[in-house]
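As written, the chains take the letters A, B, C and D, and residue 1 is the first residue of each chain.
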């Protein structure tokens, strides 16, 4: 198993229970949609996988490594093995589009030659070749979202997590992005995507995990957005 | 006419032409969808209305006042007359949900009594009564978006502009929000909403302005998202 | 501006200080440190001036009297001298006392005066002290014009040298305190700039929502006052306590060993409070008003 | 760590300084100002020490010789004195010269010595200067043990008073420079804290993408070095130029009026450069490394 959550619970310090007794197993190469109403706990789940938040209870295994008991110094390496499109993009305002994507490669100390070759490729994949020298503040919402996606893909991670990656995109561009994700998935990358895009989920016929009221309401092999 | 754009053009300093020769007239009490692919210039248009950006050319009238020739000291009053849901939310991180919404009323120097009565009402409208003491960083993406909406509504502006207000919301919550907007619209508020939510646009049967390649590609009285 | 808006500003500013603890502490710390520097130097300047005044007060005019005057006449002369403008005091020194004093001053060479006891060549005199050493020439002239005066002497060269030294000490210390004053203001304003810079996003958002410039500035203004006030009070307490302790220590340990003594605590503390309050609060509040300008233009 | 990573750090840091111009200027300014304060005081300390040493070098031992010694013997005594440990110089003063000098010293009272010219009661003497005034008692003892010496005198009380004053001057100025040193470090570290605080979001994002702690720190470390270096060079230039100008001005304007003279520029500048470089760069780089810690914990 690539990702495995066993009895995971998370309650915030203000007493709000976000996740309760979550059990999920995701295999290598799967494509999983994570759905649920606003505030259901999708992003919280993702943050637990990245050790951005600590689970109160339960065990989280990624690549057979126990995330909940991971040492501080190993966290960066966990995060590098996972490409993430953050719901709030998390772009560096002081870096250009190119530098933002390149930064993900610099972090893993990739050779400059590889960086110079790889970054333009992913930027053209998300349709931003022309925007590579602009700063995030000079981009439209959807363009920023695509920079975040490009950054998540650039190191060819074995897991790609995308939190609402099409929220600011028009249907055409969204489908373009979904085609990219499918292709990456076919090449072996496991994809976990939190989304509200009903049409996309319904059309893709992939595994759907629905979170409602802190627990897993549904886990269908080839599901749709709603019931 | 409430909003009137005459021959408006905008080219950015890097040479990118975002809007070219735009002519739009929006009447009091209308409900207008603004659609178009990612990067088409929807947000740029909205920023021009708020004088966040300066038009290179053309005239923009709001409430018969010429925005393009407006003095610096009058800008705050223009902005107060328009409630805005920003695409990137623009919440104050150091203020709680309640304070963020209250701030919009404090800006217009509303009496403390009115603030105490009004803020809880709009927060319950967007379904965030329980979250009023949390900080934006403690909210889910969709919750932050709804705080931004609550803030835009709280002063009962005559114009409400929403830039992608349902991008982070599940379909149910999105419809809830659209019902709210419709109601506000029926009570006389003019609404301009930039969106990619095809289903919503198609279902609402309202006026749709489509921007494509810098110009207005379509302006239908009761249109749909695509052609 | 409505009264409730001012109240609102005040509430916002205290809240913001509290919520941005890291930043508030760092900026209070820097303001305090800058004021400490000013304060330390101010204390030095005050003490230099104090010392200079003390040195200057040691300037004296020697009034040699004719031989064999009656006590009445001497008393009259004394009265007349004391009435001259600028004269602080005048003390009679009989010729015997003068010889004894001279003897002591000579030390090992006092044998030179042996045998003079019987036939004292010195004269009775008045030692006149002045309110301001610069009055010495005038006072000398006035006394010389009186009768029964043999000779009026003051160390002209020494006086000039002394006045030169005290002048340089005063000007030098004032120049340095002026420079440090500017440096401190520079440090405080830079600190404020950084504080405002850290909150540029916040300022922008307020403007986008329709806040007027002064509405955004208000809380920053009060915050500046508060941060300045806190930094200022902290520095006054540190300096006051430090000075009190050191002045006492020196008094106890060095008593008698030194001509130098520190200015009394009570005299120093008022100048300190006034100077630091003005710099801390005014620079704090105005500084934030000015620094914010750049980010208001949205 | 790979070589290209270090190169990357360096590129990032220069870029970041350039892109955050407002912030970089403000922090360079504060660092510079803090170093200026230290520098000004360091100059004062150096000059106080210089003055104290000068004062101390004026301590002299008077060696009175027996009457009527031959020139040969006097020369021998001179040689012997100069061989004593700690003696810097020894100058012969004949009894006629001594009387003339004494006459001058007495000034208006010189009439007391009238008639002594024929029968000079003073003796020939050596004026011995020392390398360290603290050696005076020892040297006095050694000279006393020599033959043909009538009396050896040094101002014991005066020496003690002088040593006390120079001690207090030295300790006092060192204490103040120490305090200012701490204050400056405090200001610089607060400035860095604010600078890092303004970029907390950036630091968080880097960590979320999988950057290790030292990878995030690297550019901040170099940035600290660069900002420290710039602030440091600026302050050295300002202080150096200022001191050069002032020292020259005082030399020209005040020449002869004063016993006080400033330490030569060339001697001051080295201590200044070393002290400021160390504080500026070390505090700048280490400070940013430490300040960043809080925000790395994500």
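Here is the rule we use: a contact is a pair of C-beta atoms (placed from the backbone, for glycine too) under 8 Å apart; a residue touches a chain by one contact, two chains touch by 3 or more.
What you see is a predicted model; the values in this text were computed from it and never measured.
J.: Can you list every chain that touches subunit A and also touches subunit D?
T.: Touching subunit A and subunit D alike: no chains returned.
J.: Which chain lies the greatest distance away from subunit B when centres are computed from Cα atoms alone?
T.: Checked the centroid distances; the maximum from subunit B is D.
J.: Return the distance between the CA-based centres of subunit A and subunit C, expressed in whole Å.
T.: Going by mean C-alpha positions, subunit A sits 66 Å from subunit C.
J.: I'd like the Å distance between the centres of subunit A and subunit B, where a centre is the mean of that chain's Cα atoms.
T.: Computed value for the inter-centroid distance: 28 Å.
J.: With chain centres defined as C-alpha means, what is the inter-centre distance between subunit C and subunit D in Å?
T.: Between these chains, centre-to-centre, one finds 25 Å.
J.: Quick check on subunit B: which residues sit in contact with 2+ other chains?
T.: Nothing qualifies.
J.: Going by the touch rule set out above, which residues of subunit C reach two or more other chains?
T.: Residue numbers touching two or more other chains: none in subunit C.
J.: Taking the touch definition from the header, please name the shape of the chain graph: line, ring, star, complete or other.
T.: ring
J.: All pairs of touching chains, please: list them by chain label.
T.: Here the touching pairs of chains are A-B, A-D, B-C, C-D.
J.: Which residues of subunit A touch subunit D in their complex?
T.: Touching subunit D from subunit A are residues 50, 52, 73, 76-80, 84, 86, 90-94, 103-104, 106-109, 111-112, 151.
J.: Taking the touch rule as given, give the residues of subunit C at its contact with subunit D in the complex, in rising order.
T.: 22-23, 26-27, 29-30, 33-34, 36-37, 40, 44, 102, 108-109, 111-113, 116, 121, 153, 161, 164-165, 168, 176, 179-180, 183-184, 186-187, 190-191, 193-195, 197-198, 254, 257-258, 260, 294
J.: What part of subunit B is in contact with subunit A in the complex they form?
T.: Contact set of subunit B toward subunit A: 12, 14, 35-40, 42-44, 87-88, 133-134, 138-143, 146, 163-164, 167-174, 196, 198-199, 225-226.
J.: What does subunit C use to touch subunit B in their complex?
T.: Residue list for subunit C touching subunit B: 2, 4-5, 8, 16, 19-20, 201-202, 205-213, 215, 298.
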